[in-house]
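Presented below are the structures under discussion, each in the form of structure tokens.
What follows is chain A paired twice: with chain B in the first complex and chain C in the second.
Right after this comes the complex of A and B.
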């Protein structure tokens, strides 16, 4: 390891194509995908957006967390389909019936559009989450001119959830080892969460407090702090920012215009 | 002696908000700069609270009722917090909590304090490499801190505390998660530390006796005895329930005494006592 690259924070695997895209471009990409999805009511376009986000995700880094998030969102979409298929206010045309219960075309179509939007956002966010580390975001934001204190507050929001989940896993594992929490069914899993909520929150707060003490001792708010200039491996960052921002503005403008004129 | 060459604790009393009892009671001590102080005591004796006072965590970061005077090499945590903080390095009891949480690699984590001081990258690189070598973490520099074992994490936490070359190093049980080899290496390293005053809380009595210039025993928040390891362990009260060093126990059983009639507490002294008997 040379002196130069020791402190850039570059871990193994930084040469992947998605590492050449900066975090802000990825965030703008999520915004544009969401806006495109919300601007359209065409299922083919929605399908295209889903396919595009899915391809990006599959060609980047697929993690178990992504599958869990996808599984949960598919469950949500399924419930949406059932509810809207049955009770959507503009339901008129029966599409099919199951044991005498009618599912309507209008409601199912509406739920499919909503579900597609959820999927687009989940998949696009998943691409951001699996390809960008918290520290990469922090470094980029700091190098962009934000104070480290502000960056830290922003980033701490991102890692408090994984920290809570990690603590939760530890507590539940300990419970299982003691035989007090079998967690075989979904209901058992749900029930097991409730009694550990208070110790979980206290433990996480305690960890946050320890980290806060440590950070202050380590002088993280020192006015002399200077962000280290790492090797900038991002490509076409400005082009990405301008291009995606223009697309976002156009989409917002178009949506507002169509709303005002009552076109959709 | 100059105040800026001593660590002075004068009648320190500490009570946390909402607590009935004081966690530290009338702690008085003066230490000459450059010494290694081993702090021992049973659970809830006030060891961690004392570390917090020495590190300035109380009252600057954790709010607590505190009386008395704490002066470290001329700096007061109340009056000169920035200078005080810059001259101290603290290793917390929980090594994972010591880490910034925003470093991709061990190198970045070690560099954190130096980056905060606005030092140039070339200087930081050299210092990080040097500290990593001292802590046996050179091979892990490119790894994620989260991938480290408990002992390695503790060595990283110590590394983050020494990277700024503090004049005073305060370590709260820094070897609790280390394996015997790691612990031996740590105390071997500690023995080589120069020009730094070290306060170390540890339950490793044998190792402490080998490296410490002075041992402080805390009981129920009071500093009940302090002095050289030989002096402290030769006047240990059974009521304090403090374990004795292995060398001391062996010498006592064999009645091997030093020239001044005291029992040895280190391996070198044990050999000396053995040679004197034979």
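Right after this comes the complex of A and C.
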């Protein structure tokens, strides 16, 4: 799935196994994975959670979006390993040295655990990102009782973004033709943003006004409006919701209990 | 160079009216393109809160906070999962901008600078605990993290080092965004300002 159709919400194939899992269950799954990861300071458990999320992702869909998110995080995790390995306040035991620079075990362990937590969240979210479109999510939330106005706000972002991007390209092209080019210094560059941003913002807000008037004319605010009833193809949705919520509550309670016990 | 502050009955008054419902997605879109423009020009700032600033200035702190929150949720669910937790920072920015604008702190060039500093402090205060929890205090921006490493190496507390790392990045970004928002807001047609301001 490309970034574009994730935003616009083109339908994904309904025959796959992950299409039988509803969006809320997937979101609760991310929450549980993150809580489990934060509850643990054991590298084996962290490794197990990463493996589990990775397997789930590999068995669903591999997307460039997940790789992009992973790429940035892996770079940050690498810098975290270097900085904490060298300077972590509880560093005591030298693990290895490179050209006379000592890397300490405590800092590296701390950074590895933090990095593992980030990877767990990204991989678990990756499963949601590649298997659920925003429109599918929004429709399901509306059927589950979320206000249609909130759903409209969420959904319209997906449709407005490509429109704004297209407007930006047109304005940039027009400014280039007029000779407004990116400059060298920071201030010059910032000033060169204005001839693009001002017309773009005005056009975007103008389109919002038109959209707002159209909504009012079509009676969008009608209090008698009813949510669309769609055919749910999800399996065991309520079991998933209750089960994962109970796990989340237990994990939060357990973490709080251990924190309170640690104070006394 | 002065502009009129908004005289509103209550800046906290918020209704998800048709105007606000269309303003919020527009603000999210502006955040997205401003960030893309900054990345394209390789600017050392994000500019990714410009839409949130404008939404707060046009429709008040709650609309700005909602715009910021939805911006991070959408970004987190489509591009960068960790961004979702920084939705709290965006809420803080939206509220701070809305209050400062309603109190007239976006009415002159000098006041905008002070507002930007206040907003940068709000942003750094909220982001620091998140940076410590998720990244051990780092921000992921090379020169900010170099400062963090230098401070930690000199036995400064992690929280202070992390706050400094975040603040030096935020101050530059928020000053740029505040001035951009100030200049853009002044260029908006009055009918547009009134449309979003009065529709409550």
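Operating definition for what follows: the second predicted complex is superposed on the first by the 178 of 264 C-alpha atoms of A that agree within 3 Å, B and C clash if a C-alpha of one lies under 4 Å from a C-alpha of the other, contacts with A are read in each partner's own complex, and residues count from 1 in each chain.
Convention: a contact is a pair of C-beta atoms (placed from the backbone, for glycine too) under 8 Å apart; a residue touches a chain by one contact, two chains touch by 3 or more.
Remember, predicted model here, so these are calculated numbers, not experimental data.
When the two complexes are overlaid on their common chain A, residue A:136 makes contact with chain B while staying clear of chain C. Contacts of A:83 after superposition: chain C is touched, whereas chain B is not reached.
Looking at the shared chain after the overlay, A:24 reaches neither chain B nor chain C. Look at A:152: by the touch rule set out above, it reaches both chain B and chain C.
In the superposed pair of complexes, A:126 makes contact with chain C only, with no contact to chain B. Once chain A of one complex is fitted onto chain A of the other, the partner contacts of A:197 are limited to chain C, with no touch recorded for chain B. In the overlay built on the shared chain, the residue A:57 is in contact with neither chain B nor chain C. Number of chain A residues touched is higher for C, counting chain B against chain C. Contacts of A:35 after superposition on the shared chain: neither chain B nor chain C is touched.
By the touch criterion defined above, A:207 reaches both chain B and chain C. Overlaid on A, the two complexes show chain B and chain C touching the same residues of chain A, namely 3, 6-7, 134, 152, 156, 207, 211-213, 215-216, 220. Chain A meets chain B in the complex at residues 1, 3-4, 6-7, 9-12, 133-136, 138, 148, 152, 155-156, 159, 207, 210-220, 222, 224-229. Remark: chain A residues 3, 6-7, 30, 65, 68-69, 72-73, 75-76, 79-80, 83-84, 86-89, 110-111, 114, 117-118, 121-122, 125-126, 128-129, 134, 137, 147, 149-150, 152-154, 156-157, 160-161, 163-165, 168, 182, 186, 189-190, 192-194, 196-198, 200-202, 204-209, 211-213, 215-216, 220-221 touch chain C in the complex. If you check the complex, the residues on chain B that touch chain A are 55, 57, 60-62, 85-86, 88, 90, 92, 94, 97-105, 107-108, 111-113, 115-118, 121-122, 124-126, 128-129, 141-142, 144, 160.
Across the complex, chain A is touched by residues 16-19, 21-26, 28-30, 32-34, 36-38, 41-44, 47, 50, 54, 58, 66, 70, 74, 76-82, 134-136, 138, 140, 145, 148-149, 152-153, 155, 158, 176, 180, 183-184, 187-189, 192, 195-196, 199 of chain C.
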